[in-house]
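What follows is a group of structures, each given as structure tokens.
The following pair of complexes shares a single chain, chain A, combined with chain B in the former and chain C in the latter.
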Partner chain A sequence: MLERKLVESQVPLHVKSLQKTYSNGVNAVRGVDLQLEEQQVHALLGPNGAGKTTTIKSVLGFIRYEGDVKVFGQNIDRVRDRIAFVPEEKQFYDFLTPRKALKWCQKLNPHFDPSRGMEFFAHFSLPLDKKIKSFSHGMKTSLYLSLTFAQQADLYIFDEPTWGLDPIKRDDVLQMVRDRVIDGKTVLYTSHIIPEVQQIADKVSIMANGKILFTGFLDEIKERFRIVIVSPEARLDLQQYPVMAVARSRDQVSLLTDTDESFEHFNRISISEPLVPGLEEFFQVLIRGDRHVL
Partner chain B sequence: MWIQIDLRSPLPAYQQIKVKIKQAILKEELRQDQTLPSIREMAQNIRVNPNTVARSYRELEAEGVIMARQGVGYIVVVNPGEIRENFLQDIREQLMIPIRQMKRSGIEEEECIEVVKKCWKESS
Partner chain C sequence: MFYKEFAEARFRLLLFWGLFAIFLLVTVALRPFIGDLMGQMESELGNMPAFLKNLLGDISGISRLANDDNWYLLSQWHAKNLGQFIPLFVLVFTFPVFARETDKKTIYFLLARKNRSSVFSGKFWSGLVFVLGTLAFFSLMGPLAMKMGGYAVGFAGTMPFLFQQMVSGFFLYTLFTLFSIVLGDPVKAVIAGIVVVLGTPFFSMIPNLGFLNVYNYITGIHPLGGKGVDIWYSLGLGASGAFLLWLDWKLFARKEF
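Entry: the complex of A and B
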């Protein structure tokens, strides 16, 4: 029993049957299960409005929700000092400067390392004594990220962290995120930018309309799935085929199927060899698809 | 040790690391009893997550290519001769996709071999 407790307390995040309906009746999250493993980057990928931010706000206890959320096996309020968070909306007091913001963080957070904060400021070339009021969106993002990376935490949560950054800084930020897991930390990361997720994630959960359609390792997508393209004229009785999602466009129909064994079924109807899907293709078929049985 | 990972390749990242390590052993860039970079170093160098490197090392260990030695890290336990068959097996798996494609398109074995010979000549 003791052993089991120990294991549970090591799970950085465990979400079960999470649901959220806002007071205006919007069903933002409709039954989400999510489990993060230590020392991994877990990306929550989905189109705008999928429910990613609502999921994160629930996990952090910022809004009321139905379901069960455990962070390191406990209620969030007992482990808040082990979590660092970058919200989608980066809000600051306008009169602050990076130097003053750093001092505030130092006072408010015992796990904050001001010298590391200064290093990140230098990296992002942030003017130390300029008021935040005059900052561009990208500068505000850089400032928020600097203050977050300077915080010693066990679980880092980033909600669309690269918004407004140029491609070079974005790449740097992804490397900084990776450095967190190299140092043994765990990361939850939301994004709607597929190449970014492809670059940084170990595991990905694809979310749409308040539900998670798929969770798995990026490498697993290439190993487990194939996409078969058939002509839109082909008469398909899909019941006959082992298909997990079907996406139709004007000039082709993409079928998502698993493993090499079932390809025989498709020989007659496919117009190309089965494709090994990258995250992009996999995401497209899942999101546009009209059958999900994953 | 430098390994270039292509995230757009149909080959999963952990497989690419495995193949590159085997290649390095074949070319004697990595010799028997030599230590591999730690998971952490390798992850930093080649810009992938430690979890991916760990999976490659785990599988290479299961295949008997490397071995974890207490306090030292992972060491190479095979010589180029011993890795050869294992390496060719990986390549065979990768070749299955284009070969199936040719077969399905009605291309005969001789033609296929001609294509391979041509590619061999053209590759530098």
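Entry: the complex of A and C
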């Protein structure tokens, strides 16, 4: 019992059967299970409206939900000082200057390191004594990220953190996110930009229509799955030969398969060589597909 | 939290501190002029025909205004120049406290790092300290400024007004905080506040709804009539404020952001 609790307390995030229906009737999240392992970047990838932000808001207790969420084995309110969060809307108090923001963050959170904040401000070339209200969108994002990176947390949650940044700064931020893991921290990272996820994630969960369709390591996708392209006129016996997803377009049908039997069957009628999917192709077929049994 | 709340509210505070300071200066500076004017009116009223005197009713206030510095302080400062602006001050100060954070999404920064009870208490109590501190300061500055102007006034008459100003400030703060939390939009919150400030005196004209006119209490009709603190209204308003505080917390604790 004690051992189980100890193990649970080391799991940065455990989400079980999470559901969220907003007051307007929208089922934003429909039974999400998610578990983060220590010292990994776990990316939550999905198109707009997939339910990524709602999942994060539920985890952080910003909205009410059904299901079970445990952060380091506990209710989020008991471990908030171990969490750092960058929301989709990176709005900070614009009447402050960056220098005053550091002072205030230090008062707010005992685990905030102002000297690290200064380093990040210097890295992003942010003026220390200029009011934040005069900052561009990119500068505000850089400021928010600096204040978050300067916080000594065990779990970092980033919701579309690079939106509005130029390519150079975006790469820097991705490296900074990666550095959290090198320092022994855990990261939950949401994005709809596949190259970003490919660049930093250890594990990925693909989400669409409020459900997680796939969770696994990036390498696993290449090892486990194949995409077989068949003609739109081909007769598909999906009962006998189940596949993971079927994506139809005007001139072809893409079948995502991982069982030898189904793969062998459909490969015989394929109109091109089977594809070893990268994250991009895997994501495309999965999201466009009308059958999800992963 | 206190520092941030102060930094965020300082423009609104400075605005009202400036306004109240000007009102106070004007109140003290006009004392000789008002005294002379009331003195002249008093003598002219004495020469009026009886039927006109009956039409005007009780004119003893004019006489007191001419001769009694304490009465001048209570009626012109506490009941008028400070008192009647209290609802407006509390509204302008309170409406953005929660609504602006929700509207601008800065609330995420706080809620991610602190639990809701810490966020609520930090914001609520800081704001209440600023509101009541401002009211107490300017309430006590009334007699002090009059004394500095060379008038023989005491603090004793101010105390019942101060008490009622504190109770009404607390009540209004909890009420406007409710709008700020529930509506989550500064514009809607201020409109709701204006509707209440203007609407309750209107509805108080309906028989048996006179208690809705909080202005009578804020401006100190009871102590001005020499009856001291209005105990029952104070208890009612204090209890309503306590209930609203509880409701504010419950709504904030359950609110989705």
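In the analysis below, the second predicted complex is superposed on the first by the 286 of 294 C-alpha atoms of A that agree within 3 Å, B and C clash if a C-alpha of one lies under 4 Å from a C-alpha of the other, contacts with A are read in each partner's own complex, and residues count from 1 in each chain.
What we mean here is this: a contact is a pair of C-beta atoms (placed from the backbone, for glycine too) under 8 Å apart; a residue touches a chain by one contact, two chains touch by 3 or more.
Because the structure is a prediction, the values reported are computed rather than measured.
S.K.: Considering only the touch criterion stated at the top, classify A:N109 as touching first (chain B), second (chain C), both, or neither.
M.R.: Once the two structures are laid over each other on A, A:N109 reaches chain C alone.
S.K.: Let me test your reading of the model: by the given contact rule, A:Q175 touches which partner, first (chain B), second (chain C), both or neither?
M.R.: In the superposition, A:Q175 contacts chain B only.
S.K.: With the two complexes superposed on chain A, say which partner A:D219 touches: chain B (first), chain C (second), both, or neither.
M.R.: first
S.K.: Based on the superposed arrangement, let me know which partner A:I63 touches: chain B (first), chain C (second), both, or neither?
M.R.: Second partner only.
S.K.: According to the stated criteria, A:F85 is in contact with first (chain B), second (chain C), both, or neither; which is it?
M.R.: So A:F85 only meets chain C here.
S.K.: If we overlay the two complexes on their shared chain A, which of chain B and chain C does A:E273 touch? Say first, second, both or neither.
M.R.: So A:E273 only meets chain B here.
S.K.: Do chain B and chain C touch any of the same residues on chain A, and if so, which?
M.R.: none
S.K.: Quick check on the complex: what are the chain C residues that touch chain A?
M.R.: Contacts found on chain C: 1, 3-4, 7-8, 104-106, 108-116, 254, 256-257.
S.K.: In their shared complex, at which residues does chain A touch chain B?
M.R.: Where chain A meets chain B, its residues are 39-41, 175, 178-179, 181-182, 198-200, 202, 218-220, 222-223, 267, 273, 276, 278.
S.K.: Mind pulling up the chain B residues that touch chain A in the complex?
M.R.: That would be residues 7-8, 10-15, 40, 43-44, 47, 49-52, 55, 97, 100-101, 104 of chain B.
S.K.: Enumerate the contact residues on chain A facing chain C in the complex.
M.R.: Touch residues, chain A against chain C: 57, 60-64, 77, 80-81, 83-85, 87, 89, 91-93, 95-96, 100, 103-104, 107-109, 157.
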